[in-house]
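So, here's a batch of structures to check.
Both of the next two complexes hold chain A, though its partner changes from chain B to chain C.
Then we have the complex of A and B:
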């Protein structure tokens, strides 16, 4: 196939696909097709037939529209992909391995599949909950084969399927990466496994701490339907309460004992928790309660403004009291970093060493313990169940004797407390300044939407996913000079994809 | 009896009232001020995302300079003493905000001169406005090479520059190239061959990194540059990448300012990347604030850093006084940008006095060009300007209206928790305090 022919094919394919998309549904004689051939089938046939075989394909489906219901469509799709990919490969780089065609065609097939498959489900009146996600991931991962899997029958695509297809897609990206950026530490043997594990561990460690903060945000939203814009500042004041408690407790103990005593930052966590819990409860009672009692007209705007205002108040009050200079507490543990030693599995295959900063590992454990404690509280205690009941249906909860007003206060206080605890857990790790919450809160919004607004397990999973994506993105970006600068953008790409494919988030409820 | 007592009380009261105005003059240091004040605008970052700690230090220094000058009867013009009035504006570290503040300075506050500016981006955005409006300006901290003649659109690169739009902007902080030259020369002298530069994505970080990159490459070193966003907290993923590289770097050079540099340096140390026996850590000049540095970078012993300004052991009396006052206020050692801001107010006050006018911007700027003052950072003068417009071949254009003598040294901590007053000055050799140009981690000089 020479280059000019390939170029012609590339140009002609989309042109004929567009013609097929427009004309076939309008021109195909109704008498010749059975009732099961829908408008969308004809559109699909027009695109695929036109793209694969040009006017011949359109003519074929015009004359025999029932063919769409048979294997013809899959065959046409395969031919189209093959031709398009070959043409693309030849035009872009004649030396590129032909095996890449599927990878190059991934986004194209993701687009085609996400257009047609959900429509197919709806035409067949089948459950289409995950159809869009499955179609996009499947199209990307296995190209036209996704049509074969889903066209004839309309199975309910489970979460496991999505994970499998998503993993296949990720594997394709990885393969593409390995071919094009062979020296990248994420793919360059023999260190790549160690490096990938190192970055994944970095992501899991920091992601667990992100989760703790995001869990508080999602808890408030699930019960009150309010997105707290003061969450970052509550996280910040949690750190400062811990800092000042440790400072003064250390001074008092030093005076009493006559020797220099420093208090472990772990004690700052419950102190910050108690203070911010009370603070959150008082704020909710004074400023948010009227909203639930119908005393405020524009509830949504009010909730945004009042929490924003609370956040500003906290930030600038802290700036006035604590000053702008960065603060940090002592370590949780006197181990600078853990190193998992190198393990030789075979002569050519080894693993390690992996380094994890001691305080981060400790903070991760604190974060995970607190999240599981919260889950236990929500699942097993009466109050926790009452909170969940209120989040599901306030009126029904009230009928059963639960006081929704108290649940509102409790949820805001608990959510604020979790933010403060994550702040207190992180002040030995990061420098603390009054505006430290700004970056974290932005990330928390991403996490809760990614995990599903109102879902605690979703926030946990979302935090870890964001952590891993940021770490791998920064660590694997082909250009090391840009990887770190784009760190937050990687999580936003995942965020955008999830919003596009599954607007309710990974663990979100369909209806709130 | 009662009447007599009342009479005495009245007499005492009258005497007190009579003495009161006299005592007020005494309190003012015998100075009588004219009604008109000399307004100086101080453009500093006081809110995030700007370097708030830096802004507060600069603001303090600007106000302190005004207080000191006013205590000495202010600025004398035509025999009348004029007090200095400082108007502080918050740039937030943002060019747009900086421009808005300068507009307010010019139109609303009607300032006679301007000083301050921490961020290069703010300096670059505001200098044309200040110049076009004829406001004599002495920048005290932006480092970007283009914060001077280079950055003015109208400048065509050939002196003289009269009426070319570069008449009113001066700088007493060093240009990035002046600092970069010292750092790179020191490292090349040490024989480094594999360099990692971590630079912030700002108008300071990127040009500074480009300058040092070029110098290292010219010296035959291999350089990897990593850009980061200012305000980032977690650097571990990108540091793991450095750790995974096939060759251990000889040096990691941090071109990141403020508290972000503290986070980066601490995480670098925690991961065991630098400072180590194999890898030199060169962190940002904020490390000179030893109280803050040790609180935030407890593992940063043996990190080297560039220091702008006279070394502590050579502090003049003015610098010692300023340092003491700063320590009393902030419990730390006075940073160079606070010293430069302090000195900048004196330079402006001196020029206004010599120009004999508060409103004639051209006369004041001409007077600044002929400055010759000994202040906290040393002797101030401006070698090139309209008074001496011919830049010799090879002299960079940023030397126009640039104080040519900021002392740039390399310093290094060698004890945990050490005060920067005791840290070793390691380069240039003429300033060395411990007879060595590098202290290997684990050893002592």
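Then we have the complex of A and C:
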């Protein structure tokens, strides 16, 4: 096959799809059409038919336009088989940029499906809350088959659909990796299970601290409706408070006892928590309280700017005091790493041993304990219940004798405190510089949007998901040094996808 | 004091009028800026400070259009600036080929201006994608996403050092090639000043056009505006792309050896972005000229405050025997700046320059009248109610 013919073949599908999209709705004779067949039906028929069968498909739908309405699973499978056959021809030819084709196919069908399927749902007046998500995931995972599944009956998309399609999509990515980068440690047999589990474990460990920080952010949002843009800086000063406390406490104790004493960093966590709690409360009282008293115009803008200004102040003050030098405290525990033993399921199917760095494991335990303490506080104590009540309905809460002003202050102080505690828990692990918050806070935003702004379980799940995705992304990137640098990029991809597909997030309230 | 000011005010109102006085003042300011580089007593350093002042004035006045007038909080302004500069630099160095479209740009075939134009377009294109993705949602989402995005862009520029030079930065193609440093500085000064004027005129044109009115309406009440037939999302995206292009262009020009030799990823940090926001807030977010002046003055003050020297009175001496107390402010001046920003937001929402600007535009008279009318209306309504009883 010569090169121009190959290029032609590569373009043929999309080309006929474009022709179908343009001409079919304009040409299909009115008299042959059911009144129910809408513009969107014909457009979709043009794209799908043109893509799979070229001029034959367009002709078919031209002669029998009602067919698209009866689009059944069988038709979907037929079309998918045709497209798969074409794809195979293309991939098998060494002259073609087959990788490009395969990588583009998923997003391409995701785009096509997510344009047409929600419109079909709206035409059919069916429940379309999850139609967009299902269309995009399904288009990515199973290509045009998603048309066959949803077009005729417009079934209600439940959570199971999303989970199944999402898993299929993940499998697709895995297969692509296996085809195009066979030496990658994530897919290279027989170590891939060990490597993958190791990366996932790393993700879960660090993800629990991400969760802790994101819960603080989401707590503030759920009560006040304010996204704190000082959250990263509060995380950063939390670490520094812990650092300076340990430094001075160590010096004082050394002087008293006459021997070299170093204090365990775990004591820095409550100290940082108390100081930042007070800081948060004072800031809230002075700058955020007037907002709820109607003294300030355009509250949402003010909230963004004032918290951002607070973060600005904190960051430069820390720079002035601590200087731009990396700092780190000593370790939590002396154990270098924990090892989970090898798990053998069959001869070929095994994973492990898995190593977890001791300090990270300890930080995870701290994070989980704190999260459970917070959940206990929110669920069981009177104040915690009052907080939740205020987040659900301010007026009703006020009627039952809860002081919303105090709840605002409490939520901001508590949220800030959680950020500071995450900082104090991570300073033994990472090098601490005054701008360390910027990276972390971007990640927290991804987490809260993924989980749904204002949802505590969402933030918990989101933290672990983002942790895993980052660990897998960094671990599986073909170039390891780039993979580590682009850690945040993987989270940002999630951010963009969530905004595109489901801006309310996984657990969000449907009010956007 | 107040009485003196009132007499001065009446004298002005009866004399040349505030509007005309403000035109006179603007002319004087422009004349000062035009004259400044000819002052031989000024060092090149002072000119450099002014050049960067102009650059930051462009950045923060365009941010003021976005945030103050259109109500969109983007933290990605520096990133768009960086996109403009980096794309211009990469195109001028490596060229680009679109085989499918038959476009082939080689480093030899492109001029510095051409690369700047491509950089501007690239910034606009990225702005279009981000705007399309985010401007359908609430304001907080844009802020959240752009923070993450600009951090990602910085890391990308840092990591892909094979292309971008990493932390050493990237040199763009010099826009001006003048051997004599003094002359070069002067030309750069005028170029940047002209760019500032052009940008301000463009921003004012948008703010005062029907689009500007739509934007203000949307900021106040988005639902009401869209109910009245304003295509909310389209105008939001339009202004987002417009400001992205302005900052992309300004960045590409500034780093083409006009204000700075090379663009470094550090310039794209959130801290730098927060400085721009602070300038705009202190100058006045809802007034473009206020934001520009705020940026310029703040920039100048920050430069002047590098070292604070306090001469002690009455022959007092410090511990080491000198008669002046010298304080290297370091990062403290920025911390102080943060305090000023927060308190400005809380107590003078429209910026520290707002009273001056409203006084000159005579808007305070109109405001006083409106308040008076409203009060008399209230009294009138109250009287009607008592009559009913």
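As a convention for this text, the second predicted complex is superposed on the first by the 412 of 512 C-alpha atoms of A that agree within 3 Å, B and C clash if a C-alpha of one lies under 4 Å from a C-alpha of the other, contacts with A are read in each partner's own complex, and residues count from 1 in each chain.
Just so we're on the same page, a contact is a pair of C-beta atoms (placed from the backbone, for glycine too) under 8 Å apart; a residue touches a chain by one contact, two chains touch by 3 or more.
Because the structure is predicted, anything quoted here is derived from the model rather than measured.
Taken together through their common chain A, the two structures put chain B and chain C in a clash.
In the superposed pair of complexes, A:290 makes contact with chain C only, with no contact to chain B.
With both structures placed on the common chain, the touch criterion links A:439 to chain B and to chain C. Look at A:503: by the touch rule set out above, it reaches chain C but stays clear of chain B. Contact with neither chain B nor chain C is seen for A:235 once the two complexes are overlaid on the shared chain. Of the two partner chains placed by the overlay, only chain B lies in contact with A:480; chain C stays clear of it. By the touch criterion stated above, A:16 is placed in contact with neither chain B nor chain C.
Contact with chain C, but none with chain B, is seen for A:317 once the two complexes are overlaid on the shared chain. Legend: residue contacts after superposition of the two complexes on their common chain; A:277 is shown touching neither chain B nor chain C. Of the two partner chains placed around the shared chain by superposition, neither chain B nor chain C is touched by A:245. For chain C, the stretch among 7-15, 223-231, 259-267 or 295-303 that collides with chain B in the superposed model is 259-267. On chain A, the patch touched by chain B and the patch touched by chain C overlap at residues 319, 435, 438-439, 481-482, 485, 488.
Of all the residues in chain A, the ones that touch chain B in their complex are 185, 191, 194-195, 198-199, 202-203, 206, 319, 323-328, 331, 336-337, 355, 357, 360, 430-431, 433-436, 438-440, 470-475, 480-485, 487-488.
In the complex of the two chains, the chain B residues touching chain A come out as 48-49, 52-53, 55-56, 201, 224-229, 231-238, 240-241, 243-245, 259, 262-263, 266-267, 270-272, 292, 295-296, 298-299, 330. Residue ranges on chain A touching chain C, taken from their complex, read 227, 229, 286-287, 290, 296-298, 300-302, 304-306, 308-317, 319-320, 435, 438-439, 441-443, 445-446, 449, 453, 481-482, 485-486, 488-489, 491-492, 495-496, 499-500, 503, 512. Looking at the complex, you find that chain C touches chain A at residues 67, 71, 73, 133-134, 137-141, 143-145, 147-149, 151-152, 155-156, 158-159, 219-220, 269-271, 274, 277-278, 281, 330-332, 334-335, 337-339, 341-342, 345-346, 349.
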